[in-house]
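Below are structures written as structure tokens.
Okay, so subunit A shows up in both of these, paired with subunit B first and subunit C after.
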Partner chain A sequence: MRINWKPFVLSLAVLLILFPFVYLVFLSLASEWRFPDVLPSYIGFKNWVTVFGSETGLLQSFFSSLLISLSVAIFSTTSGFLISKAVFYHPKKRTLTLLAYFPYILAPVVFAACLSFFFLKMGLFGNMTGVVVAQFIIAFPYALLFFSSFWNEKVKSYEDLVATLGGNKWQTYTKVLLPLAKGLLLICFFQTFLISWFEYGLTSIIGIGKVQTLTIKVFLFIKETNYYYGALSCCLLIFPPVVLLYFNKRYVFKKLV
Partner chain B sequence: MKIKKPNIGILLFVLVGVVPFAAAFVYALLYSFGVIGVANNGFTFQFWESVLASGTFFTSLRYSFMIALVAVLISVGGALWITLKFREQLEKRFLSFIIYLPLAIPGIVTGFFTFQLFSKGGFFARISHKLGFITEASQFPDLVNDGLAIGIIFSFITMIMPFFVLLFLNVYKNERVEELSILAQSLGASANQITQRVFLPILIKKTWVLIVLYFIFLLGAYEVPLILGQESPQMLSVLIIQEIKQYDLDKISEGYVVAVLYTLIVSIAAIVLFLPKKNRAYAN
Partner chain C sequence: MFLEVQHIVKSFGAEKVVKDLSFSLQAKQTLSILGKSGCGKTTMLKTIGGLISPDSGKILLNGVDITETKPEKRNIVYLYQEDLLFPHLNAFENIAFGLRIKKIPEGLIKEKVQHMLHSLELEGQADKMPTQLSGGQRQRVSFGRAISTNPSLLLLDEPFGSLDTGTRQRMQELFKKLTEEFDITSLFVTHDLKEAVLMGNQIGFMQDGVLKVYEDKKDFIQDPQTGVQSEIEFWGGLK
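Right after this comes the complex of A and B.
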């Protein structure tokens, strides 16, 4: 009899996928877990209580991250949508698209290191506004390229039809373009939110440690070998994307085809 | 004569999308030639000669290239195998949600988690001790901060393989590979022929731009090699930031030389990949 091995492999894969989530929550609940103990000597909510007591500023970091990511997502989605229209209706749209790929493909941390001088001169170094501007610079090309497929002949003919029927630009946007692009705008908003939410290198350069987002906190705890708080920060970092996934998978994974 | 109205959209695009990149590149270029910089005295090739002679950049480039290549090859190969073998099961309700979960984990968390698992005092070292394979933490093999970059490659694979599985599942459905496979089968093709002549060519052809793009992203990865990498050699982004943040002022200029070289490589790759061509699907 031939054994069907697929269910075993799939069960193992599910366990492997869930393992990081379970392990990080477990580690965030642990304390005094010394080598070679397989289980920690303390399991409880001590770390979480401390965090919610704001002793380590983790809760503040969570809200800073949230504020930065929401700002980046709003600015980049809005500007990406509006500016992409000009770019993708332009006769030289292919060359302009190529130009948008340069900042998109470059490592954000290297980009930030080369831009830091300008941020320093503009007074945007080491503050939240600077981090938002820097993250916007890397999220904008993504948002712009995201809308490349939206501006097609069909949409153009809708716009022409509105104009023929006497509609103005405001009406074209509010009655036709925005309702048509609603779904894409939402996906782009959440994806740019995640670009900002997951960002570490660029934030560490432009924020110079003064703007402590959750990713910066994770790294600080790793350096301090405080793995329990590190795991707790990781839990806070993973929580919003999992919630987004629960509501709609497309918020986290852009359907490319 | 009618004066042509400036296109505000394009002006804004140039201002936000082009000027920062150009400014960053010009700044790094001028710094690398000693034209600007606190301790620099004017145009010189000194820093370029120093970087090219020391070979640090080439070692780092080769190291980053190999890590990214191995990670992408294993991830793409694994994802293709999973798509081929488990496609039907992965479309079921529970699994179709579960396979998205790895996308919710950012690089810094993957690095942290890998460190927790594979370090000398980590989860597997504890299990090994309990099972009697080791008696001291130092006996556990170097799986993080190691010369072979096992920890980095493992992290990269766990980060990008789920993405490729989802991508291939999408392409499989949208390119109607199922129907084409049935057609090939009815024309007498064997299972192997269907895989080699239908499944693989369609999936690879439709996604190769993204595969190369992910290779480039891994080449410039920062968080994971920062946590799991070793002192030397280092991956490119880590090397650049380390040099630029040095107290030795000469090293800062050398850091910018590496940054310029890296930017040039990446820009050339972008030009090759996205140079105006017609009929390019799945490019973004």
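Right after this comes the complex of A and C.
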């Protein structure tokens, strides 16, 4: 009899994918787990209670990160959509598109070092606005390049058609362009949110330790070798992207396929 | 005259696409324009529709100079070869689109769209999405969307170009019926000789950016440039 290995291989693959996440949750519930103990001496919600009691400022970092990432995602998606249209109709479209790749030529830390002088002059160093602006500089070109595939001759024809049917610019956007681009807008929002959410190099330099996003906090805990808080902050770090991924899968990808 | 086009010139870079375009058209008439691809037909239509600005010349509609008027204020609808139905709206909402933009009361919209669906022989298709309609049905919805706004002038850019022969013939008949029912004034651009003869009250021939409008169909048929004579010879030779 021939054994069908497929279910076993699939199960193993699922286990391997899920293991780091399960282990992360387990680690966040543990404390005082020392070699050669097989299990930690404490398993419970002590770490979580401490965190939610804001003793370590982790919850504050979570909300700061959420605010920063939502701002970056909203601004970059909106401006990326609008400006990519202007770029598409511009006679120097190719040059402008090429320029959009510029922030990705340099490593984020080097890029931040280049920008730091200007941020210092504008009073954007070490505050949340500065971090939002810095991350926007990274996320906006992404959105611009992302939407460049949306604009084409057919969309131009739709715009012209609405105009001849008596529609103004606002009506063209609200009644045709935005409904047409709805799926792409949601995906771009998701992607730019993730770019901002996991950003470290630029945030650490522009934020100079005063703006502590969750990603910065995770690195701090890891540096301090506080694995339990590190695991806990990783859980918090993963939670919003998982929620977004769920909504994307349920409401966006299904419609696009 | 209802539509007067006077000495329109349009160039793209060094290339002069429309050269000294002048013609006029009476209300409730259709001028069909025959021309090969790249002869400047689309540029001419887009200029009249306000989607392209002319380099020089004037366009008068019902005696009013509309050369500088924005396309949304002209009440001239431009119909593409592609039906360009909005994929997120069903057939009813596609036809109602222009009416909703003009903020017509809901009751009147329903009444007008239902009447239009009947005229277009699309009863029972109102709730269907564009992907659920056939090529001919989609083109009919596209017509309905254009006509329902009661445009002063309809510009048709090879509207049946993507349809098969049978559907094309039915659409030609339907268009003739609709122009009479809704008193439509239109410019009908095509590269199909038979269609040009069938659809227009007047016929024009466009070549290298120059439009020649014929006094009557006989002049058009006799002009060797239009290709009618060679067609007649071809079909006659088969006897």
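In this text, the second predicted complex is superposed on the first by the 242 of 257 C-alpha atoms of A that agree within 3 Å, B and C clash if a C-alpha of one lies under 4 Å from a C-alpha of the other, contacts with A are read in each partner's own complex, and residues count from 1 in each chain.
Please note the rule applied: a residue touches a chain if its C-beta (ideal position, glycine included) is under 8 Å from a C-beta of that chain, and two chains touch if they have at least 3 such contacts.
Just so we're clear, the structure is a prediction, and the values are computed from it rather than from any experiment.
Enquirer: Just subunit B (first), just subunit C (second), both, or neither: which does A:F81 touch?
Expert: Touch status of A:F81: no partner.
Enquirer: If you stack the two complexes on chain A, which partner ends up touching A:D160: first (subunit B), second (subunit C), both, or neither?
Expert: second
Enquirer: Counting touched residues of subunit A, say whether subunit B or subunit C comes out ahead.
Expert: Larger number of subunit A residues touched: B.
Enquirer: Where does A:L180 make contact in the superposed view: on subunit B (first), on subunit C (second), on both, or on neither?
Expert: After superposing on A, A:L180 lies in contact with subunit C but is clear of subunit B.
Enquirer: Does the superposition put A:F118 against subunit B (first), subunit C (second), both, or neither?
Expert: first
Enquirer: A:V242 in the overlay: touching subunit B, subunit C, both, or neither? Say first, second, both or neither.
Expert: In the superposition, A:V242 touches subunit B alone.
Enquirer: With the two structures laid over each other on chain A, which partner does A:Q171 touch: subunit B (first), subunit C (second), both, or neither?
Expert: In the superposition, A:Q171 contacts subunit C only.
Enquirer: Which residues would you name on subunit A as touching subunit B in one complex and subunit C in the other?
Expert: Common interface on subunit A, subunit B vs subunit C: nothing in common.
Enquirer: Within their complex, state which residues of subunit B touch subunit A.
Expert: 7-10, 12-13, 16-18, 20-21, 23-25, 27-28, 85-86, 89, 95-109, 112-113, 115-117, 121, 123, 125-127, 129-130, 137, 162-163, 166-167, 170-171, 174-175, 206, 210, 213, 216-217, 220-223, 226-227, 236-237, 240-241, 244, 255-256, 259, 262-263, 266-267, 269-271, 273-277, 281-282, 284
Enquirer: Would you mind writing out the residues of subunit A in touch with subunit B in their complex?
Expert: So the residues of subunit A touching subunit B come out as 6, 9-10, 14, 17-18, 20-21, 23-24, 27, 35-38, 79, 82-83, 85-87, 90, 94-103, 105-111, 113-115, 117-118, 136-137, 140-141, 144-146, 148-149, 197-198, 200-201, 205, 215, 218-219, 222, 227, 230-231, 234, 237-238, 241-242, 244-245, 249, 252-253, 255-257.
Enquirer: Taking the complex as given, what residues does subunit A use to touch subunit C?
Expert: 154, 157-158, 160-168, 171, 175-176, 179-180, 182
Enquirer: If you look only at subunit C, which of its residues touch subunit A in the complex?
Expert: Touching subunit A: residues 46, 49-51, 70-72, 74-78, 80, 82, 84, 86-88, 97-98, 100-102, 145-146, 149, 155 of subunit C.
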